[in-house]
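Common to both upcoming complexes is chain A, partnered first by chain B, then by chain C.
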Partner chain A sequence: MSTAVQFAQTTYLNELHSGFSVEPTGVAPVESAREQAALDVKEWSFPTPRDEDWRQLSLKPLYRNSFLQADSAEISRDEISEYFLPEAAQSTIVVVNGRINTALSDTSALPEGCFAGSVKDAPGFVIKALEAHFGKVARYAKDAFTAFNTAVLADISVVFTAKDVKIEAPVHILHITDARTQAVATAPRVFIYGELFSDATVVEDFIGVGSQIYFNTAVSETVLEDEAHVNHIKVQREQKNAFHISRVASLLGRGSNYNSYTVSSGAQLFRNEPLSLVDAENAHATLDGLVMVDGNQVSDTHSTLDHLKPNCTSHQLHKVIALGEGKSVFNGKIFVRKDSQQIDAYQENRNLLLSENADVFTKPQLEIFADDVKCSHGATIGQLSDEELFYLQSRGLSKKTAMQMLTYGYALDVIENIPVESLRAQLTQLVADFTGNEAVAQV
Partner chain B sequence: MSRLTEAEAVETAASRKYKYGFTTNIEYEEFPRGLNEDIVREISRRKDEPEWLLEFRLKAYRQWCEMEEPEWPNLHYTKPDYNNIVYYSSPKEKPKLNSLDEVDPDILDTYNKLGIPLEEQKMLANVAVDAVFDSVSVATTFKAKLAEAGVIFCSISEAVKEYPELVKQYMGSVIPANDNYFAALNSAVFSDGSFCFVPKGVKCPMELSTYFRINNPDSGQFERTLIIAEEGAEVSYLEGCTAPMFDTNQLHAAVVELVALDDANIKYSTVQNWYPGDENGKGGIYNFVTKRGICKGERSKISWTQVETGSAITWKYPSVILKGDYSTGEFYSVALTNDFQQADTGTKMIHLGKNTRSTIISKGISAGKSQNSYRGLVKIGKKAHGSRNYSVCDSMLIGSECGAHTFPFIESGNSTSSVEHEATTSKIGEDQIFYLQQRGLDEEEAISLIINGFCKEVFKELPLEFAVEATKLLSIKLEGSVG
Partner chain C sequence: MLKIIDLHAKVEGEDIEILKGINLEIGKGEVHAVMGPNGSGKSTLAKVVAGHPAYEVTSGQILFDGEDVLEMEPEERALAGLFLAFQYPVEVPGVSNAMLIRQSVNNVRKARGQEEFDPLEFEDYIADKLKLVEMDNKFLDRSVNAGFSGGEKKRNEILQLAAMEPRLSLLDETDSGLDIDALRIVSEGINSLRGTENSFMVVTHYQRILNYIKPDFVHVLMGGRIVKSGGSELALELENQGYDWLVKETFVNGEAK
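Our next item is the complex of A and B:
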């Protein structure tokens, strides 16, 4: 188990931070951001349930624990072979405890002018992009977790797509936390950059090995130049005792297209904050999510879609299945700023509440400051339809099978848009395992 | 009417004056400004209240002192100086009257200017009017007829004297004195209000109504309304508000409590048209209201309908606690803001009993430079098996300088209940206006028709005379604000 220490809630990250030593990356814009972040961690208080955005999420299970700084660990290919994607055989970055493992990584399939790998090996044009944007896309107000990540990060996984280039193979970033020997805290960091007319698909996959608890603050920043296109898939299948706090920020250029899909089934406490800044005309953002909670898992998604410029569209579908004593929180903010006319923003949140002891909290939130817009949101909390169950039963299925089948179908909506076939298959299996769970049919 | 350019439209909207802006000169009993325990005692003494009520007030006052004015609403205003308010005012003479002839002619004249002739209503509309002029009831009509049915309808001060047990039992039972900042303030200094008790099995023979007026430039108005419907009783209550034009911001912190026992049915309708401030956002009423009903008994029903068009600041969340099994809660709302008005309004539906139902229909219209927010909570408790909620909140924006916001909180801990929420934001379509114009309507008429269509679901819940008034009100309020 972890070393049991009593922490004061307000200074938790601060104390954790002071026990960490800094491993410089040698990249100027990163180090200067780190300096500022180290000050911010000290100053910005750790959130409490008194903060409106943290009202439904108690961080008590987190700050009761002490975590050590993770050092580099040895992991063999066999231990993690099931997570590799055949499509990304030559475009995979393996990150162990926040550090890129070059032995397991292979990025040979990348076209000329593109780059995927450690920031330490990054060419000049990547550094230039970092100078302009690093740490500036994750615009979260006084967010101690982002600051903590920036202050302690050991490496950054960079994916850079050059002008007019389409990276055919998906770039797979496999984040592994090694908690075999001790309770560790890691700070994986990702920076995705798409130049003019570029096109890439990036898969971020979070897994853990070992039985100790661990704590991840994952931050990713995506910057799209005009007409760039990025599919960004985040799969969170951490160990069931993990803490995962994540920030997924993106900044969209004119006519760009950003599609984000988040599928989460792991961690005892998962907090995800997607933030899309649609700061140029004719851009489109998708922020889809599928959350599955069971046992005593808590999942909290606070998303922000900020329409700062006119003539843009956005789509958000967030689906939740709550079993056991699971708890799901969703707060989806959509802002349409003044003069951002002709916005078409759509948000849908569906919650399947299948257990007596599960809880669902949802707050779809629209803030509109322009009149010529089309914005709508819908939210439901409910169960499987009686008619559908009856129909399947009348065709000879047992009630249990019928329920599992309907739940499975419900969840696939989000997954079927994911553009990587083998990942889709893996996730379909993940959903099948989850919905094949006895708990589904207990009601 | 010819087609307006946007600039002209804004100008027309800006030059529209508050229709009911005038004051009546009536002598006021002197009362010191500010708030402290002595003031609370003095209010209680002047009203000749029993000891327990004074205790209730003092307790609320002490709790209020500990509390802070809420910052969470999506509203921006200069906080009132609570020590510069006169907490009690009433016309100097407190006449106990049986007929309208005995009422101060000045007061009667005020009502006539407002277009609420008491006599006419008495004769034509079959409405008993408990007219509250500032803080003390001065005229109560139709009392005899109600008494015949066994319905008690009087001012709270009267009820405290005549039916102390009832008041003691129910006052503060739905909204505890320390519920929130403004409810605590009201509990400490409430001046007067209406009390209604409908006994078992009685269907109230007429619609009850109170007209509120704020008349003293410096007096905050702290109304308190308590309505109790016993088993199987039915009552419909109307509340309408207009206020004269003033420069200083006036504070209004009312509390309304509804209690419905088994099979009881309470319908509470409001048309609110207080002074919203001038076109520069100066002046206007601060309207901080706490309204809550409890469906205590099985199969009981509480329905709130509101048309909010006035006030500089509106902070109001008429709520229903669905405690009894099979009880029903409804909330129908139209909130219109123009110029610099700000509204943060909505409802709370707390499902506690089994098979409880609730419906929320909210329509927000923002024009000018106003901000309009819907804030709602639907909560399904662990034991509220088989409960259902359906919510719709639609917003319409007119002009590019206003804002519409929705903050729906939905919480469910029950796997046999379902909640549905939907919200849309839109503008009046040019094609809609064009269609109506080519059918012969002018632009203003077309807009008025579209707005009325947008609000129809809510208006149909209003009693007839209110529905007519509300339709007219929206047209007046939006005159010339669409280009």
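Our next item is the complex of A and C:
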């Protein structure tokens, strides 16, 4: 159902946007951000390979296609049952085509003073937080995709954790794109807010149904007040023909703790831009990732960890497994501002190339303006070691099985830190399926 | 059972020959100790028999029950009943011991035409083997060798050996790095696996482990050749006198006699 090119590259999002109608949310700070974003979409052009940050990623496969604005769609529980997490039985928000589906959602496990659901149902305290922060955390300079998302979003999934409260159950946001009948574009949006001393785990999970191509511009913003803790897991397991371009922004308060884990195996073209603004002392940010590419998949992570204040720590382990003709790009920027002394920043990008035709690009980019900091970074591109393979072969395993087992072990490093058991099991299976490993360990 | 005939081998891609004509025959139920100073080629011999890809055999033969081992992939050798206990067991993070050993055991069983174990049957089967090396059940859930102490790694090798029931076990310096307790456990484990049908080649630098595992034959490897063979008394002689007297006895003007 997708129609062939009729768009010029530089104005692609603008032209797409002009065909979309607006569904107002009725929430003032959202609507005023939308007005500005609509202007920005017009003004900010679609990136080209001439832009430094897009040099390794061609968007041609995307802008050759036209997409229709996704309507609300009917999905039955049975169609998506395998994706539900038992731990989140009463803390799940199901989002279909960017709109919250209340019939499939259940947030009854949320403690008093907390909120998880549609921005349209949000209580006053959530609106206040939106007024202060909505659209301001995702500070992506002249980024047409963020603007596009803000301009066309139909709803926002909000997770708000009240002061001193820990939401015991993980909050599961299941984003579904319905591409059963036509090629659609959706704009899922998430806003996570943690008050003083609060604690929550949020899982964002992206899946698709149907066989048409689709285009997802996902944006999430997380704001942590002082001493707030959030584990933020993003699972991108879209259909293999999807386009997924996302921004995951966070703003950290004093002594707060933001742990982000991204696992991706889906989409033909995936671009993710985590942005963590560590803007108060004693805060910690983790931006770990596991990327799997096979076939002609392209995955591009451009992250920014910005240490704006002293005495903070950060951890970034980004692991890649490339099969087939898969291509992975990693560009990890870490800024340590002039007065941000005593920063301890760790970054490591490890790439496992399992085919001759796979491509990996890696670029750690540290810009340090303070003089008393500890920043380490490393990037490796490698294959499985002969010694490891021989060890497993000498145990009666074929070379193929040995490779699968080692690849699987390599990937679990990132997954084992995810604090939701059933999700860990799902992701372990995802990795096993990817590597073709039939024996699955218990994690 | 194992017959090595005039075996020459070098490191893949290099010109220096490490094994310079090894002849060795190991019969059913026998325990052979291969001793020698550092760099003599004794570990290389074990690895070449197991099929390590870092070495290239330039001439000679290795026959296992008459079959040409050099034509076989490492896993085929393992399934045929050859087992190498590594000097430096490899850590495999993320892969549990249970997962690896179950797969190994089932592959071996398949190769022998036996039914594969389901997870419950495997649990029973491995429980006995764990006792043999005094290992706790929880070792099965841990990643293969990851974070294991030196002694735990060596015990894990013997656990795998016991589970796979090989006919010929090549123990590559299994004793090195072990404290007395661990050495006792490992040796007792090996002794209990000795039988009339299976054989061992114990590669070692020191005589110590041979106090526990009594060899039928002792061979001294120097400069890539077996320079002396004898009974277990030869090991004691080496322990008391070192390797120097053999150098004098076997080399004249730097050349082997």
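Convention: the second predicted complex is superposed on the first by the 435 of 443 C-alpha atoms of A that agree within 3 Å, B and C clash if a C-alpha of one lies under 4 Å from a C-alpha of the other, contacts with A are read in each partner's own complex, and residues count from 1 in each chain.
Note that in this section a residue touches a chain if its C-beta (ideal position, glycine included) is under 8 Å from a C-beta of that chain, and two chains touch if they have at least 3 such contacts.
Note that this is a predicted model, so its numbers are computed, not measured.
*Asks:* Which partner does A:Asp386 reach: the first (chain B), the second (chain C), both, or neither?
*Replies:* In the superposed model, A:Asp386 contacts chain C only, not chain B.
*Asks:* With both structures superposed, pick whichever of chain B and chain C touches the larger number of chain A residues.
*Replies:* Answer, by number of touched residues of chain A: B.
*Asks:* Per the contact definition in the header, classify A:Ser398: touching chain B only (first), chain C only (second), both, or neither.
*Replies:* second
*Asks:* Touch check for A:Lys128: first (chain B), second (chain C), both, or neither?
*Replies:* In the superposed model, A:Lys128 contacts neither chain B nor chain C.
*Asks:* Would you sort A:Lys136 into first (chain B), second (chain C), both or neither based on which partner it touches?
*Replies:* In the superposition, A:Lys136 touches no partner, neither chain B nor chain C.
*Asks:* Contacts for A:Gly409 in the overlay, against chain B (first) and chain C (second): which applies, first, second, both or neither?
*Replies:* In the superposition, A:Gly409 contacts chain C only.
*Asks:* So, A:Lys166: does it touch chain B (first), chain C (second), both, or neither?
*Replies:* Touch status of A:Lys166: no partner.
*Asks:* Do any residues of chain A touch both chain B and chain C, and if so, which are they?
*Replies:* Comparing the two interfaces on chain A, one with chain B and one with chain C, no residues are shared.
*Asks:* List the residues on chain A that touch chain C in their complex, please.
*Replies:* Per the touch definition, chain A meets chain C at residues 386-399, 401, 405-406, 408-413, 416, 439-442.
*Asks:* Which residues of chain A touch chain B in the complex?
*Replies:* By the definition above, chain A touches chain B via 52, 338-339, 341, 351, 353-356, 358-383, 443.
*Asks:* Which residues of chain C touch chain A in the complex?
*Replies:* Within the complex, chain C contacts chain A at residues 50-54, 73-75, 77-79, 83-84, 86, 89-90, 92-96, 98-104, 107-108, 111, 141, 143, 160, 164.
*Asks:* What residues of chain B sit close enough to touch chain A in their complex?
*Replies:* Touching chain A: residues 72, 380, 382, 395, 397-427 of chain B.
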